[in-house]
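First chain written, first letter: the chains are A, B, C and D, and each begins at residue 1.
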Amino acid sequence: MERLTVLQDKPQDHCGIFGAGLCPGQDAAPLLYEGLFALQHRGQESAGIAAAQGGRIGVYKDVGLVTQAIPRAALDALTGNMAIGHVRYSTTGRPTRDNAQPLVVRMQGGGMLAVAHNGNLSNAQQVKARMQQEGIPFETQSDTEVIALGIAREIARGLPPEEAVRTAMQAWEGSYSLVILTQDTLLAVRDPLGIRPLCMGRKEGRVVFASESCALTATGCTFERDIRPGEIVQALPDGSIRTLEAATAKRTALCSFEPIYFARPDSIIDGQSVYHSRFLAGAELAHAYPVEADLVAGVPDSGLIAALGYAKASGIPYGDVLNKNRYVGRTFIQPNPQDRTRGVRLKLSPIPQNVAGKRIVLIDDSIVRGTTITQLVALLRRAGALQVHIRIASPPFLHPCLYGIDVPTGGQLVAAHVAPDTLAASIGADSLGFLPLGRLKAIAPDCRLDFCDACFSGRYPYPIRCDNQAESCHCHPQP
Amino acid sequence: MERLTVLQDKPQDHCGIFGAGLCPGQDAAPLLYEGLFALQHRGQESAGIAAAQGGRIGVYKDVGLVTQAIPRAALDALTGNMAIGHVRYSTTGRPTRDNAQPLVVRMQGGGMLAVAHNGNLSNAQQVKARMQQEGIPFETQSDTEVIALGIAREIARGLPPEEAVRTAMQAWEGSYSLVILTQDTLLAVRDPLGIRPLCMGRKEGRVVFASESCALTATGCTFERDIRPGEIVQALPDGSIRTLEAATAKRTALCSFEPIYFARPDSIIDGQSVYHSRFLAGAELAHAYPVEADLVAGVPDSGLIAALGYAKASGIPYGDVLNKNRYVGRTFIQPNPQDRTRGVRLKLSPIPQNVAGKRIVLIDDSIVRGTTITQLVALLRRAGALQVHIRIASPPFLHPCLYGIDVPTGGQLVAAHVAPDTLAASIGADSLGFLPLGRLKAIAPDCRLDFCDACFSGRYPYPIRCDNQAESCHCHPQP
Amino acid sequence: MERLTVLQDKPQDHCGIFGAGLCPGQDAAPLLYEGLFALQHRGQESAGIAAAQGGRIGVYKDVGLVTQAIPRAALDALTGNMAIGHVRYSTTGRPTRDNAQPLVVRMQGGGMLAVAHNGNLSNAQQVKARMQQEGIPFETQSDTEVIALGIAREIARGLPPEEAVRTAMQAWEGSYSLVILTQDTLLAVRDPLGIRPLCMGRKEGRVVFASESCALTATGCTFERDIRPGEIVQALPDGSIRTLEAATAKRTALCSFEPIYFARPDSIIDGQSVYHSRFLAGAELAHAYPVEADLVAGVPDSGLIAALGYAKASGIPYGDVLNKNRYVGRTFIQPNPQDRTRGVRLKLSPIPQNVAGKRIVLIDDSIVRGTTITQLVALLRRAGALQVHIRIASPPFLHPCLYGIDVPTGGQLVAAHVAPDTLAASIGADSLGFLPLGRLKAIAPDCRLDFCDACFSGRYPYPIRCDNQAESCHCHPQP
Amino acid sequence: MERLTVLQDKPQDHCGIFGAGLCPGQDAAPLLYEGLFALQHRGQESAGIAAAQGGRIGVYKDVGLVTQAIPRAALDALTGNMAIGHVRYSTTGRPTRDNAQPLVVRMQGGGMLAVAHNGNLSNAQQVKARMQQEGIPFETQSDTEVIALGIAREIARGLPPEEAVRTAMQAWEGSYSLVILTQDTLLAVRDPLGIRPLCMGRKEGRVVFASESCALTATGCTFERDIRPGEIVQALPDGSIRTLEAATAKRTALCSFEPIYFARPDSIIDGQSVYHSRFLAGAELAHAYPVEADLVAGVPDSGLIAALGYAKASGIPYGDVLNKNRYVGRTFIQPNPQDRTRGVRLKLSPIPQNVAGKRIVLIDDSIVRGTTITQLVALLRRAGALQVHIRIASPPFLHPCLYGIDVPTGGQLVAAHVAPDTLAASIGADSLGFLPLGRLKAIAPDCRLDFCDACFSGRYPYPIRCDNQAESCHCHPQP
């Protein structure tokens, strides 16, 4: 997940969230710190923790990785047995502390409300406009503020928090997995389509929420179950939970990029092992695009598991052809920016033993701009590869995501602009194959939810209000 | 190579070195920056670059990773077409800028000399004592200062630099790969036994030196050859080289831990692919310690390649059982230090798909204290593993290294203190096997040098002067 | 107060403290931040704030100035209307976060107690030894822990906090101004002799405590009165206070160095204007050591006010002879440490107009090692001064302070080791005069307390238990 | 010079420059570090050093104070006996490393040129446009690039550096004090009107240049003389100088704000003691605006010397009424930004002894927006002052500066928009007096140059090309 800026050629997720309601007298902030650390792959721009203590909510948040943003002293400052936390990938402009989450708002009457949000309200502007007409003041451009102030409005009308969330949800479209903290309760919410993951576990009998099950395992919690689409779960002081089916939808729509790329391989999401999904994607590619070759390899780290699947299904031996420099991060200086291939060379180097004189199948999880894969093919050829066959463990991106993934905008999408049969040539590969859209379901046999595949198919789970009349618009609403 | 402090349970290398003599008018510092970045795995405590320009040598060095230690402004400050650089793992005390290399010394007459050193002079104290009797003043405890002042003494006597090095070398025992910079020449030196690696390449026709070939590839240089044991190579202004066979020894003794653990898999050292060595070590383990199992896996990242070799040789399928959190670094806060297993949980998590109900062979590259592997066995069992068989891709450590590797001292060595047949039980494994010492040579069929295996066998390549009369001494000198 | 390390030639105070109990619902941390900033001159090594909220106490503390140690995010994390804070000068070893205050301890039964301390318990080791015999565990070497655990012990025995403090105080000797926070009350305490200052004010009707009145003025609070020696003041939830005369002593003993050097000139301590004290000290010097001269000047900044007093009393014009570089701080690099006068030159420069051809009276507040004043005399002579007469606005240091001031140890004291009549010559001055010990009282005509002058007179306010039998001991106990 | 952002109510200078050509073999960078430190008051946004060694120029520059921008390691990296340096106040946007100086440009043929500039070319846009028509490419918006590329163009035409500067200067209008470094020579240049100061001294016989004489004194150099308006001084390798009278003007025009505010009191500029100028300004105010009062005081630090002059001339006693918090810097958090007076309170506090019941004359060096002085008057009244009479040691600002001073733009100038007789009332003072424009010359009796007083008088030393046709334009060109 570490990356050189010039190599950033992958879709970006926005957030990971974590919540815990421990026994009274036991501070939750240290557990939050560990939980966010285990979700770091979901967002590296900022991190924050909010804790409720004695009628008030304290929050500490800053830019950077968890270990940079949250100093040890902050864990001592954040008292309280109930807490929520957030890691964020900032999509617009430079990361700032002001955009970091959890977002804390003061309610009428002095109460406080903290919200941590993973996802994107696709109708945030419309909802916000209506709220502004009612006189509700906004301070940021964030859709999370639309969520928080929407809930606060219902609480101000006298509803208890869980009912306030249920009422406010009725106005929202898009994706939202939330953990919510008031001065005396902790809630978790998942949108009616279940677009972003959210699960629940236990720590010494008390309720813990996390974006992915890996964060429960890594913090010594037990996994209990996923939050259901449209469900509100309230952690009660005695460790029990109250659950509300707040909204239903005709379908479910788990983001298919969670198993393909975002989630950690050791997570199980809605019943489906992420590791197994990637392995199956490789196997599907082997069936759809067989080839004679000497070696199957993956682009580290995100293509490695699919490569194992391709090797197993094809019978071609698995091996590594690229070594990844583990120190690649965000601060690398580019002394010679004019050298276009330098970035790839410094991050990924060929392993001569497995490249020279070999016919190679190389698996990656996705292509966005195509710059990286083009450089990798050239790099392998210079190192003596006889043939390089590229297999991509997802269908081509053809449509923008409206639900919280930062796919580079339409104009940059390789697959949308180059005819499939010429794309292989344009990246210099001997052949190229994408996971067939029709086989997407096959990579998640154990998943209890359906996939959202809008970025591949253009079939958005919500009706699209496209203001763009231009021919170049990629919206093809097919609700 | 990234690690949580509490997990540090591996031998530590000390340094990586890089040197370049480019065309006049072309600054070498940017290339050095990239080269050191590619050698970052050999030392993460400090980094530095020295460049010669117009009769003087400028140096910039600081603690931290290359990207932290060397700011962009430093590359503008370091002019000069000849430069050397160093990354360091600090073995004693806290890292400080003063211990960072290259070490620059002023010579009589005003000339300057910079040295970057990978290795350890085993007779540094004796050599230093003799030099002090001659009135040569020392400012540090570092054996690199012994090397630099030894060369400076010979230059002061009127020898040209390459002859000065040849003369000074006669007094040295132990390991030393060096790059040396004076105001007008660049030298590379490897000790007569070739204990630490060192190779040579070209950038636009000009000479470049590096600890490992991976640093040449990653910086767009071409690999030319390894420096031979006992060889001094001088880069001449026109791009040609002059070579001196400065010393010979009856044997050669490349550190066997270079292919086993230290070096990057994409490096080729003295003819031997590091990747292939690790693969072969796995295969040897499969032959020596076969077992019925469902899955072969490696401890990320250092056991993964050996696991592929074991899988191939045994016919048992390869798969991942542990996911590594890529954000594990040095700054993690330990909110609950009493929780002994927390460190492993946060760094490595079981992949449920491949663990529950499975008989697992787990390969690691080495065991030092045994704490990590014990925790991993327990972690896999809690995740439902039926059996866990541990295979170690190196023989047991039984003797301290005197040539630059920081193996935890004798008293901490698991393998030295626990009888082999009870060690498996003590770490909780169903079985345990080490690479047989007799098969060490078999993992490097293409290597032109012999191995030093003193840490396994007690056969040190130099006579040992052991001042320790106690029974617990692990020295068994067999010159 | 900023200083170049090499110039540090002044006694060092240890701490400043601040406390506030605002209205419920109003967070105190922002006020604490400002209050500590106004007390920054009392300690620059670390800063911290502890706030009580809903039965728990959160604390944030770190090394550095207030603006470095406490980030903006910390103020959001520290909820609660009652808070205490601390700035510290670290006397032993390097500053660390662990030694920063407030110190927070957990009490039996789960309650928490936070203490911020200015002063030094002179019998801390004896009290600690007795408590350890009772089985009370200590984690640090700090006398503040002796205070905190002493109070906690009495609370554990069932006493309310104010009574717990009163009981614990009976065992303590030495200096202690304290602000104390439990989960539901805020206390201020001053030792029976009143060695360190402590005062009380109001913010919107609520109680605020501070080491000096300047911190009340600077934060928009109104000054109410000083805490009396031996008094415990408890801030009650309704804004009223409860006061206990917890201990009495036969005398009072305000540290005379507070008006001479430590306190800010705009503070009024126990009735006495600090500015006026310094002015009077200058006037006393003019009476005791008159001289013919052209100009009276002060060493910036601590000698300037006394110089005004000397000028007024003597009729000699006042003027500046030294300009202070306002950017002198702790991080200055010393490129040429061998240059002994460089440090003074970079910090203080002569103003030619007022130096060349002039007979100068130069006032400083104190002399410790004498190195700085010697360099200043030389610097003025090089700039053309005809005569330099030094006047020191305090008596000579002859005895160590046991109550919280870090005077360099006996062996370094210039005045103790050099006969008064040769000291002028040794520092190169034309004449030298110290404030006569007998006139010390005259500089504080409005002060309600007596002075402690032990460092000048050897008359310690508490009996001295001197373990040092050597002749060189400077202890002359005269209780 | 330290300041809270909200209090920034003073004109801003842009830069300080320093240059040194030491003996061969002696690195100049450590001296540069000290010299820039002594000029820190002229610019706090960034700092940089460029050094020439063996045909190349290395440069290290970064944002922050000298002690922050230039780490110790940079001094080791910057070899070479000739160096120039710069401290900068950034006028536009946020400070960045890219805008820091010295500016280094590569010339045709590979030579390098470094320039450090204090001042502002008023016709930079016109000169740049002409150069761009010739095909010279610009990378920044900086007028310093116009200077550097202008010189480089003449060198490319074959002129030696000193002639290249002379030729390039013919096109420039405005203010420029420069130090210039090529690979083999060091030059200092002052514009024909001498608007910014520049002087010359010696270090061990070698030539040193500095913006102010204080930087020579502070670094142990001897002062030799000021650079004359229009003079180019070249430091020759043997320590001698060559001088060119490159341009002449009918008048000279030293910026009058140098003695009034920018320069350090211990500097002597063109023969005039800065300390004495400020003292005389106070005396002039006493003559022009006498008043009955109990005390004369200055606003720390810039009004203190003028207050001494007023006191002397009026016979009213001098005393301090405001204490300045020495820790006020740029990073202070503003917890309650709505509190308008907080900033002043935290920076400046009344000294009760000298305020309560007193009639006070308070001197400041200048007024720009008037916000600070208004708050100070109110603060003194709240502290019990009976009367507050404000005296300003400079005439009112009525016109923008075109030569390198950042006076807040016309619309913000208090004095330009409020009739003199109502301004006293608007700031709450009992009376108000500015230094009469006609007495400006009287404060610099020893100065060899005339003053530029364009910001007070509108009489600009160069013809003005005003593109602003609006009525609100403050330009009144009177060449």
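What we mean here is this: a residue touches a chain if its C-beta (ideal position, glycine included) is under 8 Å from a C-beta of that chain, and two chains touch if they have at least 3 such contacts.
Please read all numbers here as calculations on a predicted model, not as lab measurements.
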Shared interface partners, meaning chains that touch chain A and chain C: none
Centre-to-centre distance between chain D and chain A (centres being mean Cα positions), rounded to whole Å: 52
Interchain centroid distance [CA atoms averaged], chain C/chain D, Å: 37
Touching two or more other chains - residue numbers and ranges from chain D: 71-72
Full enumeration of touching chain pairs: A-B, A-C, B-D, C-D
Residues of chain B that touch chain A when the two form their complex: 1-2, 29-31, 33-34, 37-38, 40-41, 44, 65-68, 70-72, 75, 214, 217-220, 264-266, 268, 273, 275-276, 301, 304-305, 308, 312, 317-320, 323, 325-327, 329, 331-333, 335-336, 339, 341-342, 345-346, 349-354
Complex contacts: residues of chain B adjacent to chain D: 25, 27, 51, 53-62, 71-74, 76-80, 97, 104, 110
